[in-house]
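In what follows, chain A forms one complex with chain B and a second complex with chain C.
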Partner chain A sequence: MKPKVAIFDLTDCEGCEVQIVNSKFIDRVLGGVEFVHFRLGQRVNRWEEFDVAFIEGAVITSHELELVKKIREHSKIVVALGSCACFGGIAAISNFMDIKEAKRYVYGENADKIETLYIKPLPEIIKVDFMIRGCPIVPEDFERVVSDLFAGRIPREHTRPVCMDCKSKGNPCQLLKNVPCAGPVTYGGCGAPCPSAGMPCDGCRGPLEEPQMSAELELLKKIASKDDIVRLFRKYAPMAPLFKDVGGEKL
Partner chain B sequence: MIYDEFVTQIEGHGRIYFDIKDGKVVEARLEIHEGSRLFESFLRGRRADEVPQMSSRICGVCPVPHNMAAIQALENAMGIEASEQTKMLRRFMISSQMVQDHALHLYVLAAADYLGVTGISEVYAKFPDAVKRCVRIRTVGNRGIELVGGRAVHPINSIPGGFAKLPTREDMEKIAKDFKAILNDCIETFRLFASLKCPDFERPTEYLAIDDGKHFPAYAGRLVTNRGLKVEAKEYRNHIKEVFKPYSNTKFCVMNGHGFHVGAIARVNLFKNRLNPTAKELLRESPVKFPSDNPFHNNLAQALEIVHYAEEAIKIAEELAVKLKDEERPKPTKAGTGVGVVEAPRGTLIHEYTVDKNGIVKDANLIIPTGMNTTNIEEDLYALLSANINKPKEQLKRLAEMLFRAYDPCLSCATH
Partner chain C sequence: MGKKIKKENLKKLFEDISKEYKVIAPVKREDDYVLMEVKDFSQVALDYPTTVLPPKKFLLPYKDTIFAFDGGEFKETIPEEKIAFFGLHLCDVNAIGRLDLVFWNDPYYRARRDKMLVVGISCKPSESCFCKSTGANVLTNACDLYLKAEGDSYVGFSMTEKGRKLLSQLYFGPETVEEREVRVEYEEKIPLDIYKIGKRILEDYNNPIWEETAKKCLACTNCTLVCPLCYCYDVIDETFVVPNEGQRVRCWDSCLLLSFARVAGGHNFRKDLKARYRNVYTHKFKTFVDEFGVPSCVGCGRCVTFCPADIDLRENLSKLGGV
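Up next is the complex of A and B:
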């Protein structure tokens, strides 16, 4: 029997779902699984037990909060897809702002009619079995996690920082050029597309396990202002562990 | 649970509500329940050079136009004049995005409506050749964006002033060949969609697109409509107004108090004379004539644009394959406010930023194509439902959703 798969999207850009469609793997996925619930891809969707549910996006409205709890109840395995689900994503920058003013700026006198929750990473709301990180995810990570899950293996975590990907591409080091870069503390496996395109890593995959955060911050203090350091970590994974503390007393 | 009521096979979360009493449509609403991410608020306080990448996160489906509109607005704000080569590369990126994104919408989201199937898995099972064609087209479109922008979803190295890293002449030569290799697939896409039957429906409206005086709309220009509007982009606030609706997190747009239409149908209606030769030829043999006032023809216009923008990508890539050169990136010369306009797959996109003398963004305003289309969609819904009033409610619902989908709406973008 084909595995029963559900893909849900909450508030987000849907770029991680686009990366799934961009995956070379899409042929095998389409032929190899049964999509039981996939709003973006089909008209008829059912609530039954899902072998795997992927959740993309951030929980911003109260109905999304109810929805993720319901998904958890229906799923054997829940995978958080992309940094909005894993770490609150870019919209969670507003967690660090005066939210009333932020809403007023966009909606004026109607601001109170717009509901926006304090944005928590999905693992703080429901039990998440695996995370596919990144803004956006890289298709290779999706392929690897899906192949592992369907083969009954436990997907392994990347254990190296983005620097390793970057070095293997032969890129010049951004930090050595005095450009603030989150590569040394960021969860690798992405292939370092940003430094390869001439830009610094902006930490979109969140921290790797036990990163040398204090050493990174010491280094950054020599080449960047406090505001710039905060901006670097408060971007695509602002609620990730350690990243969310940058800008607090520790800096 | 509201999730199951959301319209399927569109980007973002919304539903159509309508009410019929005594044989008359008394209410037809486009309710948009996408969460508000408040981009305009949190882009304030960011450095101008990080804003184009952050803005692209508004939409993972059409990241390139957001990236480009932000760059153009920031350049105008900071007095940066991009080179001709830079503008060509930007038009190349937008062309690649159009090819890739229209193929996604037509084959993955809209096709089910026309082929009488329920979704992507069934399309895959019953029309494997079409799916393979879609994958071929999208692969090359993505490769084009990646080559110049560094990554297909959320470009990396396109920044105010130019590019952090340029492709090589050899890269451009190769990508021109790649686009040539899919041109036939693009033509087949047009022929397929030209052969599919659309609901019979017409409602004249105002069509808006950008005009740079030379190209089929893509990057920068004045705002023009079929009813005589012709204004500089920076005057957009005098013409396009945003209205709050209690049932929608997206603000609705109106022009002179009424709805207007942006997107592929608007571009083709207004500028079909500027289409590239193969696209023009296909239009001549097309059973549907443009300008068209049938909003369902937006899908055929998209299919036509796949051909046009693929030809455009070939043209630009071939030219740059012989003359691409390293350039100094121009630096900011002032602080101030700037507006950027580009064509996104879903229509005209406007970004506006104010940058202070330290290069920090102080104000941001974003007008998104689907936001512009909202009022027009509701006006179409009234007319479409009224014209089909005797059909059963379930059939009306399907028809209404098909209309909505034909606009290729992106509610993530529209709400941002």
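Up next is the complex of A and C:
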């Protein structure tokens, strides 16, 4: 019997789900599993006991809070999909602002009618078995986790910083150009698309295991303002461990 | 014994080589230089300080498939490409020579190396160069043909049969130039007694420089990636969603990573960055010397030039040597 898989999305842009569809092995994924719930990808969905549930997006409403608890109850394995689920994502920037003001700015005079919770990363709400990081995820990471789960292996974590992806391509170093870059402390495996396009790493995949955070911050202070550094770590993985301290201006 | 070639005739040499090989040469990018495939001689930068990545990227690629498997079938992937480097500096040439010491019996390395042509070119040493200290400033037979700039010409020196064949072409002049030994001579910014320092690393194991450097170091691994002699690798099995189809790849690793010395059961032999950083030096200047008689460093200066944290390997070495 094929494993039963669900993909749920909460508050987000659905970009990670699009990356799944972009996978060059999507045919094999479709051939190997039964999608019983995949709102973006198919018309008919149903609730069952899921072997694996992928959850994309941030938990912003109490409805979503109840939903993720329900998914957990019905799933053997839960995978947080993308940086919104793993680390709060872009929406969690609001955690660092006056929430009333932020809502008024976004929703105007109807702001009071809109519910917005303090945004916690999914692993702080329910037990998460694996995380696929990134904004958006790279299809290769999804393929790898699915491959490992199919083969009955525990998905392997990346242990390299983004610099390794970056330098393996021979890119010029952004930090050497005095551009604030989160590459050295960021969880690699993305293939460094941002530095390869001439932009610094924004740390969307959250921190690497035991990164050299204080050395990184010392270096950044020499080339950037405090505001720039705070913004860099508050952008895509604002509630990630370590990054959230910098985002909270503890540097 | 060398033979002269006029600068304008280098194009003919390049084109001759291009007929047989995929030519890799230094090319100017925006603010730096890279080694890449070149089809047209006008792209080649003959005068360049250094390239970001060293020639190892073509000998031991970042991700190298060792074999692929499909159902029950295994297929070994031995590289068949013929590569010619055109315009390597002596440091990089000798780095290939020192990689040979390690990888000569490795079938994937050897397949590339045996089919390879190496054409070196003279250089203008920069502030970060220290090839003299590492003994890599001398022409060796890791180079098939070496082009030494002399006024508006180059003098070609052949070190191998492949080199002699090229040197017999008509665009090299008939007159010969005698030179007992070809070497790069210059004043090093920080001259180092490498062999003495290498011994000091173990004798003075807890020197404060390791702690000091580990505070500054980003563990970004850039120094090991741009190093022409850092060759540590990891081996990873990749399956393509279905478990019976995939490949085994050899992928660059770095001893600066926390995961590098972690073993089954979770124990880590070098948990602190201090220990990992010291390991780079211990291997390059002590244990490699014990094994092969030369350091696994050619003084190309890339680790100095491309370190975002401004760490200078030479300064650390000279502090160790008590200079």
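General remarks:
Here is the rule we use: the second predicted complex is superposed on the first by the 247 of 251 C-alpha atoms of A that agree within 3 Å, B and C clash if a C-alpha of one lies under 4 Å from a C-alpha of the other, contacts with A are read in each partner's own complex, and residues count from 1 in each chain.
FYI, contacts are C-beta pairs under 8 Å (C-beta built on N, C-alpha and C of every residue); 3 or more make two chains touch, one makes a residue touch a chain.
What you see is a predicted model, and the numbers here were worked out from it, not measured in a lab.
After superposition onto chain A, the modelled positions of chain B and chain C are compatible, with room for both. Once the two complexes are overlaid on the shared chain, A:V179 sits clear of chain B and of chain C alike. Shared-chain residue A:S168: touches chain C; no touch with chain B.
Counting residues of chain A touched by each partner, chain B versus chain C, the larger count belongs to B. When the two structures are aligned on the shared chain, A:F150 is found in touch with chain C, with no touch to chain B. In the superposition on chain A, contact of A:L10 is made with chain B only, not with chain C.
By the touch criterion defined above, A:F35 reaches chain B but does not reach chain C. Using the contact criterion defined above for the overlaid structures, shared-chain residue A:L65 touches neither chain B nor chain C, since it reaches no partner. Smallest inter-chain Cα distance, chain B versus chain C, after superposition on the shared chain: 10 Å.
Annotation: chain A has no residue touching chain B in one complex and chain C in the other. The touching residues of chain C, counted against chain A in their complex, run 29-32, 34, 52-53, 57, 62, 215-222, 225-226, 238-243, 246, 252, 254, 257-259, 273, 306, 308-309.
Remark: chain B residues 1-4, 6, 8-13, 33-38, 40-42, 44, 46-47, 50, 53-54, 57-61, 63, 104, 108-109, 112, 118-122, 124, 131, 135, 138, 142, 149-154, 156-157, 159, 163-165, 244, 246, 249, 251, 412 touch chain A in the complex. By the touch criterion stated above, chain A contacts chain C in their complex at residues 25, 28-29, 32, 143-144, 146-148, 150-151, 159-161, 163-164, 167-168, 170-173, 175-177, 183-185, 209-212, 214-216, 218-219.
Here chain A touches chain B in the complex through residues 8-19, 21-22, 26-27, 30-31, 34-35, 38-45, 47, 58, 60-61, 63-64, 66-67, 70, 89-91, 93-94, 97, 101-103, 105-108, 110, 113-114, 116, 135-136, 193-194, 196-199, 202, 228, 231, 235-236, going by the rule given at the top.
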